Amino acid sequence: MAVKSIAPYEFASKDTADKFPAPLLYIGWEDHKMFCSPFCAPMPPSMKFGELVRGALPGMYGAHPDFARIDWDRAEWFVSGRPFTPDMDKTLAENGLGHKSVIRLRTPGLTGLDGTCF
Amino acid sequence: MSNVFIAFQKNEESRAIVNAILADNPDAIVNEQPAMVKIDVPHRLVVRKSTIEAEIGRDFDLQEMHVHLITMSGNVDETDDEFTLAWHQ
Amino acid sequence: MQIDLRTVSITPLRQTYNHVAERLGADKPASRYIEGTMDVQATHNFHYRPTWDPEHELFDPRRTRLVMKDWYALKDPRQLYYGTYTQARARMQEVAEADFEFVESRGLAERFDDEARRTALDFYVPLRHVAWGANMNGAFQCAYGYGTAITQPCLYAGMDQLGIAQYLTRLGLLLGNQGDLEAGKQAWMQAPAWQGLRRVVEDTWVLKDWFELFVAQNVALDGILFGLAYREVDAVLSERAGPTVSMLTRFQAEWFQDVTKWVDAVVKTAAAESAENKELLGQWYARWRGRVREALAPVAELALGADGAAALERAVAAVDARMHKAGLAV
Amino acid sequence: MDMKVSKKLGLKERYNLMTRDLAWTPTYQSVKDAFPYMEYEGIKIHDWEKFEDPFRMTMDSYWKYQAEKERKLYAIIDAFAQNNGHLGVTDARYINTLKLFLTGITPNEYMAHRGFAHVGRQFPGAGPRVACLMQSLDEIRHAQTQIHSLSNYNKHYNGFQNWHHQHDRVWFLSVPKSFFDDALTAGPFEFMIAIGFAFEYVLTNLLFVPFISGAAYNGDMGAMAFGFSAQSDESRHMTLGLEIIKFILEQDPDNLPIVQAWLDKWFWRGYRVLTLVAMMMDYMLPKRVMSWKEAWEIYAEQNGGALFNDLARYGIKVPKGWSQACKDKDHLSHQAWNVFYNYGAAAPFHTWAPGEKDMEWLSAKYPDTFDKYYRPLWTHYAKEQAEGRRFYNGTLPMLCQVCQVPMFFTEPDDPTKIAYRESEYRGMKYHCCSDGCKHIFDNEPEKYVQSWLPVHQIYQGNCFPEDADPSRPGFNPLAEVVRWYGIGWGRDNLDYADSEDKKNFETWRAQATGN
């Protein structure tokens, strides 16, 4: 199905990659809905995945008591819902992440405040 | 069976309208809330001009009811003498 | 515990909304007209283009060739917002109701001069369709215009025209019967005298420029037609057969006075904005004045016979004078 | 009192002469040129005369009754202002619901006004034209009476003053704004199903009755007066909505699948907007009327159920997202208020964690879910706040491409898992919060690629004041966005506990009770 319109109805997406300082990456931490929604942030494609984890995530998630308890070796990652094993030393682009990719982090054993997934 | 309903602001005139509705619809269920009164009736509700007029002692145009209405549910049919709300199924 | 809140003397933090204060140039109390009108329409960051007009934004100043730096300059001197609008019209309708009641209860319609009755039915009854056309156009201006200051009174005027169509319907039923309404519609659809006017009305329905439509409908057509119908024809019928018809059309006569204040103010402000606007408004007025004048000639004759032409010229001259005063080169 | 014409004529016949009989089919211009938007949506209308007029009101009665309502309403508004009625409300937390109303609802009353003028011009049928135009008039009434009623609050409390500016810009206000933009940019028939039927008939009770009853419960005579007065027009609107859907369905069997698809879409779009009402009812009212869940059961499940039962004779089915919406009722408000607690710095009203008494009520109203899922969150926040660490989320959220709500909604059968839905269109990914929104996107991607998503716009650099300099050291993007929103930092936003509103309200109330 497509939009029904009286005349041609084609408009460029408002959110193509060229309009941003860097491609957008969406990041969610499973079972920690205290951060009410996944995050959205521009991330340089040249950034190493490890830098994302060490550099960006603490600022995003550090306020949660579980964050300090994460065992990063056991962390599980997903891209668009599918399991994914990131290479920490490779860049986001080399890990296959592009504009508007969604990654999710699961930290087994950590299920939020009183186990409520918040 | 589904209910139709109608709700009015609470005031002197709607008090009379509500009384008329209760007289004409024996199955009506009244739900009083602050500043609002809601009436549910199974299937069909009728508001009669003549009953309201008897209640308030003057001529009453059914369209005057609009001033006090809050909400309602059901198919409307309006004539000079009657206003009805009904579900057809 | 009974608290008497009136005894508390509070210094307000602010007097009005910020966008209103900016327009007033200071934070001071604003009228309800101003608070309920200024900047009420959304202006930025529309999400989607209309599927019915993908060339434009949902609200888009480019739907007319007229250009205003600030569309809220087109204020209504009557300061009508919904509350004052309905209360003003309720007062007028109360008077109209009393007039209809009086004509009916005293049997004035039955005793009305038959020749004058024929003229009144033949002339006024088809005008209910002109008013219907005006209602469509008021809706158009409101829907596709820009800025609440102008779109708001456009809808009010359109709804007034619906009311006028309904008063004319009652006039027809009071002086005649349902058959006279049918005959009036028949004349509207087929009688040669009415075809020019019907063509004008239908032509206004396909105008794309809403401000040109404002000039065509509210300035030219309303201006000339109401002058003719509710001054010229009314005066003749009144002289010939007493004030019965004047009573049944009093709403229209009062309304025309009221709405003229607004229409003239809008044209004046728009023309004063720029030489281009003035030029454009002048062109639009010239075009529609010519069309309406031509279309009304047989209608004026139908009502007034040989005197019709002069009456129509007076009605046209009155609008010319208004437009001249509003700054158009007429 | 309607127009007294010949006594022989009944109400319907009289009204016919006053409306339909005025119209004619143009011959000097084609019907298609005079009514150009009637065909492209694929709806087939064979006979506009078959439309049943909902209420047969002529303009003179309209003016008369509406003027009477206006006189009464403004008398109350004036008295409320003169008597400092605002100091009679339960407490100043309540006033935040009014800020939400003025910024989120009022501008959309205005949108409805313009939308009904548009369809009221475009329909060739005289019956629906007149009903639509009266509704257009009513809708500007609602916008203005709200602006006027809340004007006095604006004089004494923070967060009302920039409603116009904020409506076009602030992140959560793009939720209701995009909803109305979506409806107005659709074709005239879809607009009628979207606003006239789905919104006015199916959902409006859930929006207004709780707000107005909330005002009544919390001692706000002013808001109660404008709310009830507006509602008195609503019965006309609801009836128009119901009559128009029946009319379209009766006109041609081919209309059914189109209408059903619109119902599926607009039920879901409207339900997402109601998220704001859910949290208002359960969390923002100091004294609560009923829970969101109870309101949903009465007005959606019972009443909506009866309605769809009635429409089944036309082949209409309950809208697609209905059963999910019914499942959500135990969770929606709690999850939604957490969003505003998170982003309380970026909203022009105050937020707070519910206190112990509030939580007792929530626990009683939501016995299966509140203690199990939500109480620990609020307890944690309260503890953090007591220790000087009131939690604010400093990173921008991912938004749904369609409803534009931050992606907080959980899977229908698992309230612990956020739902992610992804589509691809022309080589780009688009993300939605639910099957409902994804379905809407997939049906009309050309429309939703245009969405002005506030978070993305911030990252594109479109949401900073002109004098902001992102290259300056120490540039604080969030603070600059808040400035661009017209939100006074520390005055209009942040926690209620530290607000000027709270302090002023308490001071003024103390003046009323002492010397």
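Think of it as A, B, C and D in the order they're written, each chain with its own count starting at 1.
Keep in mind that, in the parts below, a contact is a pair of C-beta atoms (placed from the backbone, for glycine too) under 8 Å apart; a residue touches a chain by one contact, two chains touch by 3 or more.
The structure presented is a predicted model; accordingly, all values stated were derived computationally and were not measured.
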Using CA atom means as chain centres, which chain is nearest the centre of all the protein shown?
-> D
Whole-angstrom distance, CA centroid of chain A to CA centroid of chain D, is 31
What whole-Å value do you get for the distance between chain B and chain C if each is reduced to the mean of its CA atoms?
-> 38
Chain-centre distance (mean CA atoms) for chain A and chain C, in whole Å, is 58
Sites on chain C at which at least two other chains make contact | 49, 51-52
For chain D, residue numbers touching 2 or more other chains are 1, 36-37, 40, 68, 187, 447, 450-452, 457
Taking each residue of chain B in turn, which ones touch at least two of the other chains?
-> none
Quick one: label the inter-chain contact graph as line, ring, star, complete or other.
-> other
Across the complex, what residues on chain D touch chain A?
-> 36-37, 40-42, 187, 261, 335, 338-339, 341-343, 372-374, 376-377, 380, 389, 391, 393-399, 406-408, 410, 416-418, 420, 422, 426, 428-431, 443-447, 449-453, 455-457, 459-461
Mind pulling up the chain C residues that touch chain A in the complex?
-> 49, 51-55
Any idea which chain C residues touch chain D in the complex?
-> 1, 3-10, 12-19, 32, 35-36, 39-52, 58-59, 81-83, 86-87, 89-90, 92-94, 96-97, 100-101, 104, 128-129, 131-132, 135-136, 139-140, 142-144, 148, 151-152, 155-156, 158-160, 162-163, 165-167, 169-170, 173-174, 177-178, 181, 185, 188-189, 198-199, 202-203, 205-206
Would you tell me which residues of chain D are touching chain C in their complex?
-> 1, 3-6, 9, 17-18, 21-24, 26-29, 33-34, 36-37, 40, 58-60, 62-64, 66-68, 70-71, 73-74, 82-85, 87-88, 107, 110-111, 113-114, 117-118, 120-121, 129-130, 133-134, 136-137, 140-141, 143-145, 147-148, 151, 154-158, 160-165, 167-169, 174, 177-178, 181-182, 184-188, 447-448, 450-452, 457, 486, 504, 508-509, 511-513
Would you tell me which residues of chain A are touching chain C in their complex?
-> 3-9, 11
